[in-house]
Structure formats: C-alpha cells, structure tokens
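A, B, C and D are the chain letters, set down in written order, and residue numbers restart from 1 in every chain.
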C-alpha cells in the first residue's frame, strides 16, 4: 500500500537524522540558550533577509499559533481568520483556551480577501456598540492555505495594507511554507514575505523535520519575556537542540527549499495524471495538496492500495479526496498511482 | 571542560537514534494513532503491571503537568504541592495559566508530609468560609523530588491514604523516574508505585530521550476526550512517532532502567569523592542530583574546568552547588572531578 | 424628550424601592444565605412549577451567561448559539474569556432552527477529524431573542428533542423573559418552558429591577459547589439581599408578569401607530422590541424629540430603528409618538 | 439578638435609598454613560484631589480586584500580596481564574513589609532561572487590612518607593476605606493615599451602600478599552445608575466619611468595653473590626444574644472572635454588649 494521506507520514529527511547523530554528545545548555540554536537562528535570519529578526523554535503548529496569538493580542482582542483557517476549526479551541475569540470571515479558495477584512474593520469601528464586542486585534492567514492555495504578492500587499491601516499585526502560519515558496505559481520569496507581515512561521513538521516550527518576528520585535510566555504555555523544550539541529540542517545549503521543491514536482506529476485520467479538481491548488473529486467506484477501487484523506462528500456518487505529496514522496509511488487509476 | 550542570545536556541514547533511523521511512498515521505508539504503550503497561492503563505521550515536563492537572481538576479546584514543587515555582505559572491555583505546603527535604496534607484538608473543610476558597482538588508530588530525594514506600502509602480519604487524585511527576527507581535507597518499583497513585509520568527528556514524557493513568481512567484536551493545550504532536519510537526503545529489554542505573552509579562514585574530599552535603540525595556546599575558593577553582549549577548562597564563604549525573555521564569525567577537587 | 431607546432606562418599579426600604435594617447574613433569598427562591420555584429547582441570583446578564456556560461545559466543549445570539456578539468575548468557543449557526429571525442544530451535531460526529475540533457541549438560545421574536412551544420542543438526542444541555437566556411570556403570540408558560430546558434565567434588569437575573436549574441539578464558582467569577454579591428583595417582590402577587404585560400593551399600541402611519417593520416582533424601517427624513424629524436605538442602515434612504417599551413606558409618551410621526 | 458579625448585614444608608427613589424615573443611558455617573466620578476626583483620575464603578470587591489585577498584569506576571490578603485566600481563586499567580509574602499584622517586598524583587531578578518563574508584576495591599490594621504614611511611602524602583504598579483594595480613613490612628488622607499608589478602590458595599466599589486610577491612566474589559469579565452593569447614584450620594457633603466615622466611634466604645472587662485583643486594630480572644464560656454565654464571627481557635479554652461595627451599628446595641459581657 502506498500513502498520499498527508505530508507527515514519514520521519525526517536523512540529513536531519545524521545531524542529530553527529551532534549527539556535544554538551549543550538547555532551553534554547545553546550555540546550535544561535546558528539556526542566524541562518533563518539570513534566508529571510532580516538580520535583526527574533527567531524562536517551538514544537508544533497548534502550539506556535496559540503562543503567538496569545502574545500579540491584548486580552479584549480576538484574531481575525477565515472560516476554514486552521485556528478557526482544527485546533480544538486552542485559541479560545487562551481567552481569545477567533473572528471569522468567509474564505475565498481558503484565502482572506483584503476587501472583506477592510469591511470587517470598518463595520466594527462604526458600530456604536463595539465596546461590547471583541476587538479585532490581529490577522491570521496561512501560506499555503488549508486548501493548498497561495496568496499572490499583490494579494498579500493588499492584506498588509489593510492591516497597517487598522494597526492589526499580520501573522502568517507557514506550516507548509516550503511547499508554498517552491510552487511554480508563487511570486513571493521569503524575503518579500517577511516585509509584508509582523510574524510568520516556517514549518518543519510537514517539510522534512521530526517536529518543529520556526517562529520569526521579522522586525525583531519579539514580545517581551517571550521565553517565559513560551514556558507558561508548556511549549519550551528543555533540549532546545532538538528543534535547533533540525532547522540548522534545513537551512544549510538550501535543503529546506529542495525538500519543498521535490513535493511540488511530485504534485505536478500527480496533477498531470489526474488531467490525463479526466479526474476533476475540487479546487485549483498549486502546492503539495491536491483536492480532487473521485467517482465513488474509483475511490473504492483504490481501497487497500492507495491511502488518501477523505475530505467530504461531493455528491451522491462522488467524494472530495485529498492527495498530499511531501519531501518524502517517491516517484515510483506516483507512477503506481498512474497505473492504479 | 566537563559539565555536570544538568541531566539534559546531551541528545539521546544511541539506541534511540538508531531506532529513529530504522523506522524513518515507515509511513505512519498521525497524532498517536500508529502501531509504534501502540507498541510503546503496551510495553509501558507491562512494565507498570497495569494491563488496562491509559498511556499517552507528551513532549515536555511542564506541558504534561499542565495538561494532567487541568484535566483532573474541576474549575474551582487547585492542586496541592510543596513549596519547592516544580509546578509551584519553575513552570512560569503554567498551572495558573489554566485557571488553577497551586496550594502550597512546606516541604520536608523536598517531600510532602502526609500529616501536613491531612491537616490542610481538615483545616479547609472545617473552615466555615471554605466556599470562598480554592478547593484542594488533587495532589502533585515528584519522584524523585526537585532535591533528588525519594518517597519511601511507607511515605507514599501514607500520602495515598490521605488522598483516598479526601478523594484527591494523586499525581506523581516522574521527570526523573528512572533515577529514582534505580537508586539503592529506593524501596518502590514501578508496579507498586502504579498502585499508589492515580496518574504518573515516566520522564524521557532527562533519562535518555530527545524529548518526551509518558503519562500513565494506571487504572485506565484517562479523562474523556483526552486527545482533544491535549490538542487544545497545543500539546499534540503530528508525528506521534517521535515520542513513540523513543519510548518503545526505552522500554525494550530494560533500557530505561539501565540508563537510570548508570546515572546512579556515577552519582555514587561522585558522593565517594565528596566524602573523600570532606565536602559537605546540603541535602542527602540518593539519586542523580547531588547538592553540596562548596567553599567559594573551591568553586572558583573549578571555573572553566567543570560546569555545575549554582543553587544558592549558603553563607558568606560558601555556595550550594548542584552536580547532576545522567545516562550520558562518562566515568572519566567523574574521575577528572576527583583530580580537580 | 421621550425615550424608547431601550428597556433599562429607568430605575426600578416602585414596589421594589419600597421593599428595599422596608427591609433595610433587618440584619441578614451575607452571600445569599439569608431568609429573603430563600423566600424569593421558593416563590420562583412555585412560579416555575419546579419544587426542587436550584435557584440562584446574579447581577447581570453577561455575568450569568458566563457563569452558567462555564459551569455546564467541559473544558474541551463549546456552546452552540445563533450568529445573532448575545453571547456570540455583544458580550465582549466573555465566553471565550473562560476558555470556551461559541459555535455559531445561522439565525432565522433571531432563532435557532432545530434542523440546523441536528445537522451541526451530525456533521460534527461524522467528521473523522472531530477530535481536533471543539465539541458542541450545550446550546444557548434567548427567549425572547435579540430581535424580539419568540420560540413557539413546538419549536422549543423540537430543539429540546435534538438536545436530548445529543446530550446537550439547553440553556435559555431570559433577560427579557417577562416580555416573552406576556406576549399575545406566546404559547409557552414558565412551567412548560421549565420542562423543556436544563437551565434558564428570569431577567430582572430589563423587567423592573435595578439589577439582577434569577438563574434556575429546573431539575435541581445545580453544578457542584456553585457558590464557589460564582465567587471565582467575581459574581457573588456580599449583600445577597439586593437581588433577593427585588425578586421576592417581583414574584409576589404576579408583579413580574404585570410588568411584562404593560410593556406588551405599550408595544401593541406602538405597532398600531406604525401600521397606521404606513411604517414598515424590519422584522415581525411580538414582544417589547419593535424594529421598523424609518425613512431618513422621518428619523431626522424625531431628532431631539424621541430617542431611539439606531440598528443599522436599511438602504440609502432609510434606517432600521429599534423602539423599545418597558414596564416603565408611559401611555402618554406612546401617544406623543403618534402625534410626532 | 444583636449582630456584630460583619459590616454588611444591613441594606444601605437612608440617603442612598432616598436618592434611588428620587432619581428613579429619570431616563438614563446605560453602562455608565449617564450624567449621574459623571457627577459621582467628579465628586470622587475632587475628594481624591485627582482632577484627571479615571473613575469606574463596579459591583463587588472580588470582582473589582479581579478586573484591576487582570488589566494591569501582563500575561506572564503575577500579583504580590501577603498570605492573608483577600486575593490570596478568600476569593475562590478569582485571580488564578484569569491566569495569574498570587505571589505571597508573609504578613506582619496583616500588612506587607516594604523590606520583604524589596527582598522578593531582588531575589527574583538575581535568580538565574527567573525566566522560568512568574514575574512579580504588581503589588496588592488592602487598607485597612483583613485584620483591620492600617499602613502608616511612612509605611505606605516605603512600599510605594520599592514599587517605583521595580516598576510595580501598587494597587490598594479599599473595601473598607472609609473605616481606615476615619480611624484615630490614621495619618493618611485620601489625597495623600492617591499620590502613593497607581490604583485603589473606595468600597461602598461595607460602608453604607447596597453594593458597589469605586475604582480610581489617580493618574488618569485607566487601561485602554477598560469598558470592554469590564464587560468581558461580566462586570458591567446595564443600569450604571445603581452604582452611580449610590456613590454620588456618598460623596455629597462628606457622607462617606461620616459613615466611616460612626463605625470607628462604635468600635472605640467597644474597645473600652473589652478593656473594662479584661478581654484580651488578638491583634491591635484601630478600625471597625475588633479581634478578641474570648474564653469559651464567655463565648457560650453570648450564644443566641450576640452574633459574632468565629475567627479561629486560640487555645483549648478560648477562641478568636471578630466583632465588626459599621455605619449602621446602633449605640444601644453596643451598650447591650457591655451588659452581656
């Protein structure tokens, strides 16, 4: 059986395992105060073109979203996200757990529209009873989105513009950042993206690491006593080396981008196969997640041979299914899919 | 320079790195639903003699304390701990962050006295205004304690008895469990300990793993929808394999206990050295953490040669210093210490 | 200037002021342990036909919603409400402040549809990733709703049925209960309503009291140690008499219902006037809040003479405006409105 | 039976009931935006000598403590209080409920010692692991304290000095402010006190009102969007007039101070009686709460005739008992006590 269920089915890219082994007996101080953390941070600063950025390593995606959002919001503020945003739906209420509301906007192919955001802010401030409502305090988007789609540079500039106008920090969840940056459809690089937001993550878990998300405050304005806040949220690793070694490796010689590129190439080939087989797309995704509408008999025929993620029923005779590629996807498995369909 | 600063200075024991590498390309489902997690859980159930135990893997010590305590307490309850308990002092308010007070008792060599606990419960329930106070809702102890000391079987039985009398779940933080179980002074084994509490952890981070704490509910009464709660706290790893492979390895062929034993042997040798050199102990610790009173000129002489943790000033001419051994401590480093003192 | 801005513009009905004065020097124990609280509770139990009900007095509407919802939900659960529900929009995030998400459904004239609720529950439990989502843990509705509309008996029975099927406690926010019960369109009485939910409030603030909401658990299953929870939320009055005297008065000789009836009569007369003048209704409300579409020149003509609440722009030439009557509305003020329109 | 159980046994002073009645039918806007709230605020500003103070009215003591402390602290900070402080013991964990730890210092006759506070701050910042601990973020004291004692001007200056040095806002819980200010032993007036702290309350509930605490930020630096925060905590009254009318009355013609003075005079007379009868004091209190050590046979002899609050057992034959006077205490009741003892 081959699996395209998700992009976190395997362990880590071999370079990471080697680096963990190689550095294993070096005695390092704890909690991220070690030189490998410093090295990894520097490499990320360089990749982002932000020499003064605050860089921090956390373990998981929900965790980092929770910590960032709780750190940037005042207690009476909420975070604005689209209805399909990870923080709005699939984090078990981790944001509300910290006391903050997720204020939702309708999504457009998984994306937030700058006009919708502007309208929300205008409506809020013009409502005479807005002091009895949750203040919009920051904006959350994901790049790529939960549907695999990407903000274009102009879309991100528009969002950034509205955020600036209303003094709303803009945070980009980059759990799959590598797959977005390396997409053929992408017109943003990390350096540009870093100028168009206030905080973002570079996801490791889904792009070659065992765990870990790098959190970047591009302007260097990490919230005060951030280590204490991270600790308070139960998110501070004693062995900071675990995340540090991984990101130090990923950001050496462009490995992170190569891993991203591989997944994109595998996804492109998969798209060709779907087109070739006349399989319709549920949504046009230029990244590693492909959402297609499979006739139920086709879906049944894959059973036991190809594992995929069932997204939702499309109609009585077909189903939306997600195929995900990753840094670890093997060319031969994609070819097997061609034969199976 | 050699370091006895703490027990989390190195990476992981080599068996773990090998297992991570060996299992790396096996495609596994996420979030702990994979067969390696099942295997690791079974091995821990066997080691604890609890065939029906709930076993869960979290990443860090503060995190697991926060999740367990928040799960077991009702919203109007607090957790009872000694004043030196990790949850009371060194977790940046992670318990209060979830809305619960830490109710403190004075410590006795880092331990909670069953009589003190009983007195607290009696005092609370006999106070006519206790409905305006935080209810004692569970008890937190650590084994070994933050001072390296151990509860004897009879001490734990006494605490357990008081807990039962007042329906207080007893939770044991076993961040250094392996070093406690393997101490020559210990008269508790894992199976007995499991019968004397309601939840406990088996720490990986400090006993040979890169990260990870195994959380055990020996009676099988894991709080309902615990995965959702773990996710809500930002504590659910996508790649559950990371913790699972490590614990599966640690609980194969008694590795966890051998690692613990090694640290104890190194600590015993260190104790001999301190005795030989006439260095006084600040506290009698039978485990891997040794607290000694170093004359300040001795401390100065070690500078640049031996790294230790400064605990607190003892008097104007001497300082309490912690020397920690671990699974990774090298015999030759202990011998170097002998020569340096 | 006359005002129909809201139903909390005046102080209290004179009977309450007299009762406060009459009981003023009786020395009473604090925090609701006094005999007037007991008497008020008994009168409410009788009015609800629930001899074993738990009855508690809190000060304000947001406060009681916050305390009830936080008490009834488990930590990983959220409350289901319609998008226009008070807890969803106008409580400044008081529910999220306690760690819980408000899960919203679209409203139908301010009401929740039983079919929508059933669909939400079905969708949730059939979603394979629902363990990563907030569990629907209870249902919040208001009676009358924020738009002045009412659930019919059959609508409430349908909702109650779905709630039972999915073990969701049903909570009714009765901030304007008196105005709902006394509406000519209403086919529910307090005793029937009490059998069709798990908790409800009887609002005092908007129906003749200076402050105060009576919270009723009709089955007598008040959450354990509720006084402590109320205290923890900062919601326990030292002088419990303040709420108790007011509700004891309101529930003597049917005063609460008479106050409600007066507002309904004033609203009916107002409706006649609107019909007579050809003013369109924005929504059909059978209670004390009337939402009409005023041409902007009419609205301008009222300026300085009649105060109302601007709801929202209807179109470029007209505005939705709320006229509220209350227990205190004077017949002559309604007549003045007739002349002014 | 006469009662000295506490200072909140009666309703309100008659002037307040008259004012509520007199203003009852004036239509006022809600949530504190009315002219009576403005008038009451101005009178309090004048009494405090702070023309630019922020003044806000909340309903209860625990509530206002919770809102102020949660507003002034950053999320990783805790509030420093003495072990007997109301927020530390008798508020059912209302502070922890908002995510903040109460850091306790030993009390000296119910008071915080400036030296102890300085030592705590020094110890904290010199601890190398303080980033893993809760930061001291503000200081809570009560005036009078829970034991009825008072800070002298020099003691308050000393505390204020340490607070300034460590940038810790100083908050004074004045639930019984009137009884402190009017004590013969007091050398602080409201204007001086206002210069020596960052926020304080003037308690109404225990000094003549039905409910209500006035919260003052003497420098005018009310936290941003405070109304929203108050609403979020469930603490915003719809009928702001309830608190406003009461405080407007209390601060007209010095009524608040006269009420305070009466209680002090009654307490002085009571002290004479205790001295005359050879009854020992448990603590020297110069305010309205008197703590005495009653032989158990004396306590028994009062049963059914005089109600008091049992504080704690003193020894096997005697009990600490609190006698409280208030604005409502009748001279004849004090004389009855003389005869009964």
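We adopt the following convention: a residue touches a chain if its C-beta (ideal position, glycine included) is under 8 Å from a C-beta of that chain, and two chains touch if they have at least 3 such contacts.
Quantities reported herein were computed from a predicted structural model and do not represent experimental measurements.
Q: With contacts counted as defined, which of the two, C-D or A-C, has more C-beta pairs across the interface?
A: Between A-C and C-D, contacts are more numerous in C-D.
Q: So which chain is the furthest away from chain A, centre to centre on CA atoms?
A: Max centre-to-centre separation from chain A belongs to D.
Q: Any idea how many Å lie between the Cα centroids of chain C and chain D?
A: 33
Q: Indicate the whole-number Å distance between the mean C-alpha point of chain B and the mean C-alpha point of chain C.
A: Measuring from centre to centre gives 50 Å for this pair.
Q: Report the inter-chain centroid distance for chain A and chain C in whole angstrom, where each centroid is the mean of the CA atoms.
A: Using C-alpha averages as centres, the distance is 42 Å.
Q: Show the residues in chain D shared as contacts by 2 or more other chains, in ascending order.
A: 75-76, 91-93, 97, 99, 131-133, 228-229, 231-232
Q: Mind pulling up the chain A residues that touch chain C in the complex?
A: 75-76, 78, 89-93, 96-102, 128-129, 131-134, 310
Q: Taking the touch rule as given, give the residues of chain B at its contact with chain C in the complex, in rising order.
A: Touching chain C from chain B are residues 31, 70-71, 74-76, 99, 131-133, 135, 224-225, 227-229, 231-232.
Q: What residues of chain D sit close enough to touch chain C in their complex?
A: Against chain C, chain D makes touches at 3, 5-6, 8-12, 14, 17, 20-21, 23-30, 59-67, 91-94, 97, 205-206, 210-211, 228-229, 231-239, 241-242, 307, 328.
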